[in-house]
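What follows is a set of structures for review.
In the two complexes below, chain A is the common chain; its partner is chain B in one and chain C in the other.
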Partner chain A sequence: MQVLVLLSLPVFVASLAASLDLYKEVYRLEERTIGVDNAGISLASADAHLFNHFEKSKRTFDRLETAHHIVHLCARSAVATAACLKQDVALEKALTVSANLLWKSLQIKWTKNLIAAQSEAIKRRTTVCIKHRPRLPPFERGVCETCSLPVKWKQTVRRPLWEVSECPQRNAPLVIQTLLEKSPSGKWWSRLREG
Partner chain B sequence: MVEPLEGRVKTKGTFLIEGFLVIWLLVAVIGTVHLSLLCKTQRELKVLQEKRLHYSRESPP
Partner chain C sequence: MILGKRRSIKGTSGQVFCEASMICFLVVLALVLNIEIVRRAGWETTLQYASFRFARKRAMGKSDRRARDEVRSFLLLTGAHGRGGPRLKWTSHISWDDKMVGKISTRFPSLLALPDKHHYEMTKACRF
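Right, the complex of A and B next:
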């Protein structure tokens, strides 16, 4: 009897160890999945927010820039007054400085969103790689045909779609795609897709 | 001549019952440990699930 018990003990202990390993593996897989998902969710929502911020700023710039055209035409006319010239220079300077500030703030937010997404993954003990997302915000400044001011903002990516994946890849790759879309109301919103 | 006491002799039946009890005890202990491990993992997974960020799949704004 004692021999039987002694022989069966290692089997029981081994089964326990195997179960423990399995539970740990399941937990780790779930943790990694949540890490990648959270990174994707965080990035998509923050980028959608940034795109909305850009659209709002663009509208403001367009309005200000169009309003400035009257002063600009006055300053460039044959009967230009000193007041018109002064105002035009001041307005153009203000618009250029604001455009520079907007570009800088967009760059900072763009990088911040990436760091926030990566930190969401790190919180769940995983690391992620983000593909197809440009290094700089996908916006650029064009020059106004009327006043030559570089404040005509436009978006360079039509359909923003980034891919967030676990990095380095393991046996079962964890990939999620974040898609930014414009709703009929004109607001950007994010959607996630299994990669 | 000294005869062995009846209570001290292990008959085949006693041996079987003892064996059965020991194995049953072992199975019960291991089973309990397995179950508690499973419950612990499930609790931990539930806590982990709550860490998932909220993501709305509703229609766009």
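Right, the complex of A and C next:
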């Protein structure tokens, strides 16, 4: 009797083990989904912040550059004074150095955002791939027509939309899209969309 | 002596029959219980994951109806909840702390029909 009861014990325990496996599977799937979502949220909000920072810097550059035109015209006029020339050279140098610094800081932040997004996914024990996001920040410097300074910033991507997906893809693909949009007030904001 | 032996043989076969019946009963009971546990676990996980997906879709801006249809088709595709299964009741709302809450409840028949309990109710909610 006892032997038979002992032999039938696995039958009693089998369902508990099966249920546990089921719970674990669902928990893992939810965790992976949250990992991908968190990566997308992190990337989108950080990129929106970067775009806002760029817009603000661009406005500042535009103002400074326009203000510099008076000194530039004075320096290039027939009756240019030494003071005008000196000021023009100093201003142009300061503007160029600031523009270079801005470009470098944008590059660093751009890479940092990507790493932060991937670390968010790693926290949830998953890895993500990001598609359609350029390797370098989507901004470029143009040359001013008046003073030929390379400080006319412009954005190269009109509608930033990146795709964050689990990498490698499994049987249930997890893909979300991060979309950056500009509000009427000129501020960038982000939202997620299912891919 | 012979009679005594005969009696003992009769007694042993009866005992074996009795024990075998008991074991059979226990095994059948264990199997039924196992099936019920797995069935309930299946329902729990299905509703849990469905409510998670429902809340997630709602949080991502999909309408209540569209999110419901998409989750339902997902359940159908995975075979977790077929067409003939019990009806699912879907609700979603935004909680006091601005979180999207997706709630799914169902009422499914119990495998062992007890006199006063024919159905089980299960509700799963997920805050996203």
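Just so it is clear, the second predicted complex is superposed on the first by the 187 of 195 C-alpha atoms of A that agree within 3 Å, B and C clash if a C-alpha of one lies under 4 Å from a C-alpha of the other, contacts with A are read in each partner's own complex, and residues count from 1 in each chain.
To be clear about the criterion, a contact is a pair of C-beta atoms (placed from the backbone, for glycine too) under 8 Å apart; a residue touches a chain by one contact, two chains touch by 3 or more.
Computed from a prediction, not measured in an experiment: that's the story for all the values here.
A.B. asks: After the alignment on chain A, I want to confirm one thing: do chain B and chain C clash, or do they fit together?
C.D. replies: Taken together on chain A, chain C would fit alongside chain B, as the superposition shows.
A.B. asks: Contacts for A:I41 in the overlay, against chain B (first) and chain C (second): which applies, first, second, both or neither?
C.D. replies: Only chain B; A:I41 stays clear of chain C.
A.B. asks: Where does A:L192 make contact in the superposed view: on chain B (first), on chain C (second), on both, or on neither?
C.D. replies: In the superposed model, A:L192 contacts both chain B and chain C.
A.B. asks: Quick check on the superposed pair: does A:E120 touch chain B, chain C, both, or neither? Answer first, second, both or neither.
C.D. replies: Only chain B is touched by A:E120; chain C is not.
A.B. asks: So, A:A18: does it touch chain B (first), chain C (second), both, or neither?
C.D. replies: So A:A18 only meets chain C here.
A.B. asks: Could you let me know whether more residues of chain A are touched by chain B or by chain C?
C.D. replies: B
A.B. asks: After lining up the shared chain so the two structures overlap, which partner does A:S183 touch, if you call chain B first and chain C second: first, second, both or neither?
C.D. replies: The answer is first: A:S183 touches chain B but not chain C.
A.B. asks: On the A-aligned overlay, A:E30 touches which partner chain: chain B = first, chain C = second, or both, or neither?
C.D. replies: both
A.B. asks: I want to verify one number: the closest Cα approach of chain B to chain C after the superposition, in Å.
C.D. replies: 5
A.B. asks: Which chain A residues lie in the overlap of the chain B contact set and the chain C contact set?
C.D. replies: In chain A, residues 1, 4-5, 8, 12, 15-16, 19, 23, 26, 30, 37, 192 are touched by chain B and also by chain C.
A.B. asks: Can you list the residues on chain A that touch chain B in the complex?
C.D. replies: Within the complex, chain A contacts chain B at residues 1, 4-5, 8-9, 12, 15-16, 19-20, 23, 26-27, 30-31, 34, 37-38, 41-42, 120, 123-124, 181, 183-185, 187, 189, 192.
A.B. asks: Considering only the defined contacts, which chain B positions touch chain A in the complex?
C.D. replies: Counting only chain B, the residues touching chain A are 15, 18-19, 22-23, 26, 30, 33-34, 37-38, 40-41, 44-45, 48-49, 51-55, 60-61.
A.B. asks: Can you tell me which positions in chain C touch chain A when the two form their complex?
C.D. replies: 19, 22-23, 26-27, 30-31, 33-35, 37-38, 41-42, 44-45, 48-49, 52, 56-57, 60-62
A.B. asks: Enumerate the contact residues on chain A facing chain C in the complex.
C.D. replies: 1, 4-5, 8, 11-12, 14-16, 18-19, 22-23, 25-26, 29-30, 33, 37, 176, 191-194
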